[in-house]
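Read through the structure below, which is laid out as structure tokens, and then see the notes.
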Amino acid sequence: MDKTVAALAEAVAPIQDGATVMIGGFGGSGAPIELIHALIDRGPKDLSVINNNAGNGHVGIAAMIEQGMVRKMICSFPRSADPKVFTDLYLAGEIELELVPQGTLAERIRAGGAGIPAFYTPTSFGTDLAKGKPVAEFNGRQYVQERWLKADFALIKGELGDPLGNLTYRMAARNFNPLMATAAAHTIAQVSRIVPPGGIDPEQVVTPGIFVNSVTEAAIPQQEEILNRQEAVYP
Amino acid sequence: MDKTVAALAEAVAPIQDGATVMIGGFGGSGAPIELIHALIDRGPKDLSVINNNAGNGHVGIAAMIEQGMVRKMICSFPRSADPKVFTDLYLAGEIELELVPQGTLAERIRAGGAGIPAFYTPTSFGTDLAKGKPVAEFNGRQYVQERWLKADFALIKGELGDPLGNLTYRMAARNFNPLMATAAAHTIAQVSRIVPPGGIDPEQVVTPGIFVNSVTEAAIPQQEEILNRQEAVYP
Amino acid sequence: MSAAINDIKLSNAQIAWRAAQDIEDGAYVNLGIGFPEMVAKFQPAGREAVFHTENGVLGFGEAPQAGEEDWDLINAGKKAITLKPGSAFFHHADSFAMVRGGHLDVAILGAYQVAQNGDLANWSTGKGGVPAVGGAMDLVHGAKRVAVITDHITKKGEPKLMTACTMPLTGVGCVTRVYTSLAVIDIEDGRFVLREKLPAIYFDDLQAVTGAELKVDGTVRDLIVPAL
Amino acid sequence: MSAAINDIKLSNAQIAWRAAQDIEDGAYVNLGIGFPEMVAKFQPAGREAVFHTENGVLGFGEAPQAGEEDWDLINAGKKAITLKPGSAFFHHADSFAMVRGGHLDVAILGAYQVAQNGDLANWSTGKGGVPAVGGAMDLVHGAKRVAVITDHITKKGEPKLMTACTMPLTGVGCVTRVYTSLAVIDIEDGRFVLREKLPAIYFDDLQAVTGAELKVDGTVRDLIVPAL
């Protein structure tokens, strides 16, 4: 079994117009910038994108939005140091937003990966974000029913990867990445280094390879935060 | 912060009659034998015990049952190489059994730890184990509503532990241990070695210390499988 | 006729061999405890499946030599296993996320009874004693393909393939293929469809030991299995 | 009177200092992004809390020196942090399991408005623009104790402590203590109960800038905070 793919372009080639795409990362930490930029080069349109945020500056997800590739964002916090790209389109009514509390977003993605179609959470009960959702009482407390979230594709950033798709993550760059890997029909990972099978201690694997379809190496990955401080623009 | 406790007896001292106790392990792998035997020495009665199994031979959970400490078992598979202790009491109507499919047991415990009071699963739909449970349809498929599972105490077996309660596990001895650590009001861990804070790489922590109340060292832990092959009996 | 069937029927190893031929290279596979574990021995040359066990191991290998066991490294049947390069450990919730979330390609399970609508009974005879379910009810609703390996009839000669199961169900409408000691049968649209049968058994004799109608839809191939 | 209040009121740092005094040694604490992050600076000597951030770090420390940032090591406010010995990383679902599962001892959050029944509004002014909620709605229903730090009145002089919030709610009945620039107020049985007030303000003047009745139940202590 060898899930490694030599080129970023080849890794993102299956992503077509209209796809739902989960993209890992929290702000710039764990954001798979190389995969996102390869996807921009390919240019599919009408995408629904799931991420905690809605892009920053003019690289990564912000650049996808700026290129007109994104129909809808599902996220918890569409604000950033420079959210102008999303903000302008949103206020012009040209991009949809599904706003989800951060923990509910994480749990919905986890549920999608775990085959749990719905669950109850106290989060958002009694607020505008619970409108229209079923409510139930357990042990005298009110809870909101939330549904799983799945995607056609996930773009993930890992640290080490092996040909079976096993992944580790670097520090807080873990965030949504391991969850999204489980919830997409096709998960594409970029890693800083591909190691041979057995190169990751089985006790230290964070994402087991069963959740990953392809692994590609981006040896010195770019950091969104630094790109934005350099006022970088993609493409 | 120092959650280390010098003696096993001190670690299990808070467990009183009538408590609900989660006990980690799958068969003998990951079973906290030293903590269980310390609890037998203490001898609280009328316990509800949550474990995948219901004891094997005459050590560990089987010994707890044999000592008359257990009112009810919640488990998926109350069979083993030598299940006589549980079987005899069960057939005599002297111990209760709540039988839960293994994946549902794991998910109910995880839900207990994660503040999710109920969730839907396809598991057990249309079977005797779904009787009396709410059913709902999502995307044209039928699902059973299951409730979270929590406990007063969890007895956990780790490999490394630090004074903040961070834990690692040895190979497949992980199993239910990290889940149970999250779902009990008071989690007690035995580990093979206590290391100083920072002695576990933060990327390799499996159970973050927030879930653990006390850590005690059992340097060369006994393995239930080997005890049973030696026909050991406790006490 | 039962005597004749006992003469020609496949051994458990041969049933396991046949089931193994349908597992593709790189497939993620869970084998039920007991008889189904035998399937792992018969992977065709050039193909390598990745085996999952409910207790939190992906990519395990054969049993170790006697005396080499590490009892922290076991499978769901509590038997000692070994690791292949590229294996991974995880906790039980993540393990059943793999199962329930549809990430396994195939689960191969034993059966007391299978019904023509795909219902499976394999956890309880319903006769009392201590009930024990383990991971069976999760596996039948998780894997992309759920197959059964089983003797075609019980030791008493009663059919195990039925119009409806009489024993407590493990899952509803979950099985899609049955590998028996006499035949390979698909379950399609609520019917048993015969795909392969031993050359030595006539269709009518096979039908006679099957508790529901066997449909034929296209060619019925010969079920040819090596001596093992 | 507002002018006088601006002369005597606590600074944000002083409000944060007061909130920090109630955090016990070894407590697990989440500080909302922005102003609440300041609470971490004022832990009393001899006490050490363990700080949690939603994006998957437990046990982090102060900001690094400028130029020493590692942008894979940030907090929920996307600011660079450092690690203390004994820290741990985990993914977002595990992070919010800590939050929602009741494992945090205290969450300290900012507020637009707090109602006397404990309702909190702190995520949206309801005036349009781009809505953004982050982890606030999870935190208010997870931590064992949810406290708010806030100016007592808005910049325009309007009360932030109300009979009922007029802005969109973050959570219902979730706040139990409010540290303001003038007072410390508990929420008990649907009422604001005054615990501490600046010695320089009369009760009636405090009541006048509070949008709901302030109850007194026992001693009202002096709110004494060092110059910072």
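Chains here go by letter, A, B, C and D, matching the order in which they are written, and residues are numbered from 1 within each.
Here, a contact is a pair of C-beta atoms (placed from the backbone, for glycine too) under 8 Å apart; a residue touches a chain by one contact, two chains touch by 3 or more.
Because the structure is a prediction, the values reported are computed rather than measured.
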item	value
Pair joined by the larger number of C-beta contacts - B-C, A-C	B-C
Computed distance of Cα centres, chain D from chain C, in Å	57
Distance between chain centroids, defined by C-alpha means - chain A, chain B (Å)	34
Chain B and chain C: spacing of chain centres that average the CA atoms, whole Å	30
Geometric centre distance via CA averages, chain C-chain A, whole Å	37
Sites on chain A at which at least two other chains make contact	107, 110, 114-116, 121-122, 169-171, 202-203
Where chain D touches two or more other chains, by residue	57, 89-90, 93, 96, 99-100, 141-142
Contact graph of the chains (line, ring, star, complete, other)	other
Contacting residues of chain A [partner chain D, same complex]	26-30, 52, 76-81, 83, 86-87, 90-91, 97, 99-107, 109-110, 121-129, 169-179, 206, 223-226
Residue ranges of chain B touching chain D (in the complex, touch as defined)	1, 110, 112-116, 162-164, 166, 182, 196-198, 200, 202-203, 205, 208-211
Contact set on chain D toward chain B in their complex	25-26, 28, 48, 50, 52, 57-59, 83-90, 93-94, 96-104, 141-142
Complex contacts: residues of chain D adjacent to chain A	53-57, 70-74, 78, 89-93, 95-96, 99-100, 119, 124, 129-138, 141-142, 168-172
Contact set on chain B toward chain A in their complex	107, 111, 114-122, 136, 138-139, 141, 143, 147, 168-171, 202-204
